[in-house]
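Below, chain A partners chain B and then partners chain C, in two separate complexes.
And then the complex of A and B:
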């Protein structure tokens, strides 16, 4: 019983690392630019296909292909901010929702046309390897994905805490007008913030490709988890999104283990609703009054 | 140094200030006085580019400011300490001050300016690792002024620095502003508390309903019958 519980927690944490990466991206864009990016999952999908084609055409390992997917998606994110999101800022919620929702639909359907609806998987030398710790079973591809996801989250934390650009980003998130009074160029800070967020989605995609199938709608699985994690961890809070992402992985895994194979999401949403009843602004947003 | 000529600025269709002409010389302390809602803050926001100027011109050392975005105005050496302090609540005191020196020219001297600000405001040195949002109103005001100084500004614009502070904290803030002015920084001070402001500035403009209705040296204004009845309660 205890070992089953521990195994469920481990499984949950391993996939939770991916949820955390996607969630951090969503919360970063919301916190800094104040836009909800409904297309975040589609950038995960794009990252997966980048790694899939690099693996099948050039034989590149999906983890190694991070060095391609992360910079490519970073640039895509900057372009997304500069050419699309920037134009709808200050026009109210509706244009922003339509923009990112339309982008999501467009990307899924273009992917459907270009790549077909087939599930694509790749085999690596370590695809079927696993470590065993006193009865616990830890698949190597998921362990690598988790470790890299945590490493990237730590890098982002260091960037936000120690660099001038990172501090400027936090300042702009807290007070846009006063950030400009400090000489911070909001266009530049916003472009970098969206670039980082989209790069994290791409990284999540590349990491997933080692153990998860790519298909045009795959982003929807992760974006739903990300939105719950972002609210659970308090909107705009990067550390909150990280912790909530991991918690949701564990909750889902416990649900699958102890409630039923297709009941993972039930446990996730029960945890979500109970948390919001006690702390309506999420884990880091103060207690209910 | 700074010269506003017939500046009109509006929020939407309603003009908040009309035909305002003021100037500030190098090293001078100038007041912009008047009641709440008279348009004083809008003048500062027009200078720093936070509100759209619809008429007139603003010249700062030969550069026209009216078309510049706010961050470019700051880069010219104009520090705007906004009304209600508006420190970054989730950044530490030290991080707030570092952000004050974000523009490259100020960043180069950041360590030295930080020491200067800490010597003027010892409380900020004591609280350097505390989150700004957890400090008292008076301490946050000191931080907001200190953050403005980090720019090494040629002009420091202060919007209601005594607002919402206990009288003793307001006095302390004004003493610090006096100290900063004595070091040679030009100051443009917006204040509702006219008697306190007149004790600090060299000269001042009185603003009513978005227009400058009076101007003169501090002594002239303090003895002006209209100012005495309307603002000094004499």
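And then the complex of A and C:
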């Protein structure tokens, strides 16, 4: 019993690392630009396909292909901000929600036409390797994904805390008007913030590719988890999103273990709705970063 | 005054005549089927628009009410032999009742997070119907017993009959919207849609108005669920709680003109006819084309004309018949 519980928690934490990367991206965009990116999951999907084709055409390891997917998606993120999101800033909820929502629909369905609905997987030398710690089973590809995800989150944290650009981003998130008065260039800060967020989604995709199938709608699973995590972690709070992302993974895994194989999402959604009832401002209030 | 302004009633009457006579002019049932879809999704869009358009509470979970309406009438019919006409009303009531706890949870959030929480509730309902077989047939779903031509059980031999039912539903929703638009409730809705806090500050009971409009919108959407299942003779959780229903409800309103009486109808006509044309050009083979086109249309509308396409029509009408705003302004300027 105890070992089953521990195993479920470990499984949850491992996938929770990916949820955390996606959630941090969503919360970063929301915190700085004040727009919820409904297409975040589709950039995870894009990252997966980038790694899939690099693996099948060039034989590149999916973890190594991060060096391609991250910069490519960073640039895509900057373009997304410059050509789409920028044009609906300050226009109210409807355009802001439905622009990225339309982008999500577009990306899913173009992917469906281009890549078909087939599930794509790749085999690596370590795909079936696992470590054993006193009865606990830890698959190597998930462990690598988790470690890299945590490393990237730490890197982002250092970036936000120590660099001028990172500080400018946090300033713009806290008080846009004052930040602009202090001479921060919003176009640049916003583009970099969205670029980083999308790059994180791409990184999540590449990391997933080692153990998870790619298909056009794959992003939906991750974006829903991310939305829940971002609300739980208090909107715009990066550390909160990280912790909540890991919690989502554990909650889903416990749901699968103790309620039933198809109940992971029910547990997550119910948790979400219950949290809304008791703590509508999330678990980690304020702007603590 | 160049007083040749045609009263809006004339346009509505002309449109009604065309809508009623149209099936007679359709060469094959294929076209009637498109018209049924246009009427049905216009109806859902008009219902969505009450909450999403006037009150600006952008729900992406109206499939919850569609599904509850559909399941209520189907359970009543298949298990207890109750006519779907009664089941339809029961389904609307169940949907409206469900909107109360759902609203109590989701209205705690605003803007995009309200939208997300409505997605979550619709997904939870779908998962519950999938998982608990005791509730209603589980994932396999069930077929509606085919009784042939049985109008009392909402089954018709002629496709056109289904069209008239959908058209009647649409007419009801339009009248309800029109009445609300002109009542105190309409003004309150627009006020809270513009700025919730300001509306609250001037004494609008925002939570109560939201609750009421959500219940009305859910009730109407529940009716649509019953009709749709009766039309396709089959129900399962993936059909009844399909995310596409939620998406289309919002999409048609936004493309046509959010918060306007006729916007959802125009949006549905445009999107459904586009999709039908695409289908006849490309065949059913290429998945994804339809939603790709929808997404591009939605993006174009948001970037170029966020008030929706209805504005193009009213502008054209005013140019042609010298009506509307311009005349009124002249009157006021004296």
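Heads up, the rule we're going with is that the second predicted complex is superposed on the first by the 284 of 289 C-alpha atoms of A that agree within 3 Å, B and C clash if a C-alpha of one lies under 4 Å from a C-alpha of the other, contacts with A are read in each partner's own complex, and residues count from 1 in each chain.
In this text, a residue touches a chain if its C-beta (ideal position, glycine included) is under 8 Å from a C-beta of that chain, and two chains touch if they have at least 3 such contacts.
Note that the structure is a prediction, hence the values are computed from the model and not measured.
Asks: Evaluate whether chain B and chain C can sit on chain A together after superposition, giving fit or clash.
Replies: After superposition on chain A, which the two structures share, chain B sits beside chain C with no clash.
Asks: Of the two partner chains, chain B (first) and chain C (second), which one does A:64 touch, if any: first, second, both, or neither?
Replies: neither
Asks: In the overlay, answer first, second, both or neither for which of chain B and chain C A:94 touches.
Replies: In the superposition, A:94 contacts chain C only.
Asks: Using the superposed model, measure off the angle between the directions from the CA centre of chain A to chain B and to chain C, in steps of 10°.
Replies: Angle at the centre of chain A: 90 degrees.
Asks: Residues of chain A touched by chain B versus by chain C: which partner has the larger set?
Replies: Counting contacted residues of chain A, the larger count belongs to C.
Asks: In the superposed arrangement, does A:224 touch chain B (first), chain C (second), both or neither?
Replies: After superposition on chain A, A:224 lies in contact with chain C alone.
Asks: Could you look at A:154 and tell me whether it touches chain B, chain C, both or neither (first, second, both, neither)?
Replies: Once the two structures are laid over each other on A, A:154 reaches no partner at all.
Asks: Given the touch rule stated above, what does A:5 touch, chain B (first), chain C (second), both, or neither?
Replies: So A:5 meets neither chain B nor chain C here.
Asks: Check the residue A:129 against both partner chains and state whether it touches chain B (first), chain C (second), both, or neither.
Replies: neither
Asks: With the two complexes superposed on chain A, say which partner A:184 touches: chain B (first), chain C (second), both, or neither.
Replies: Touch status of A:184: first partner only.
Asks: Give me, in Å and rounded to a whole number, the least C-alpha distance separating chain B from chain C in the superposition.
Replies: For chain B and chain C in the superposition, the minimum C-alpha gap reads 16 Å.
Asks: Which stretch or stretches of chain A touch chain C in the complex?
Replies: Per the stated touch rule, the residues are 35-36, 38, 84, 87-88, 91-99, 101-103, 105-106, 108-113, 117, 216, 224, 227-228, 231, 235, 260, 262-263, 265-266, 269-270, 272-273, 276-277, 280.
Asks: Sort out for me which residues of chain C touch chain A in the complex.
Replies: Per the stated touch rule, the residues are 56, 58, 60, 104-106, 108-113, 115-117, 119-121, 123-124, 127-128, 130-131, 247, 250, 254, 258, 286-289, 291-292, 294-296, 298-299, 302-303, 306.
Asks: So in the complex, the part of chain B that touches chain A is made up of which residues?
Replies: Residues in contact with chain A: 48-50, 69-71, 74-75, 79-80, 82, 86, 88-91, 95, 98-100, 102-103, 106-107, 147, 151.
Asks: Which of the residues in chain A come into contact with chain B in the complex?
Replies: 164, 167-168, 170-171, 174-175, 177-186
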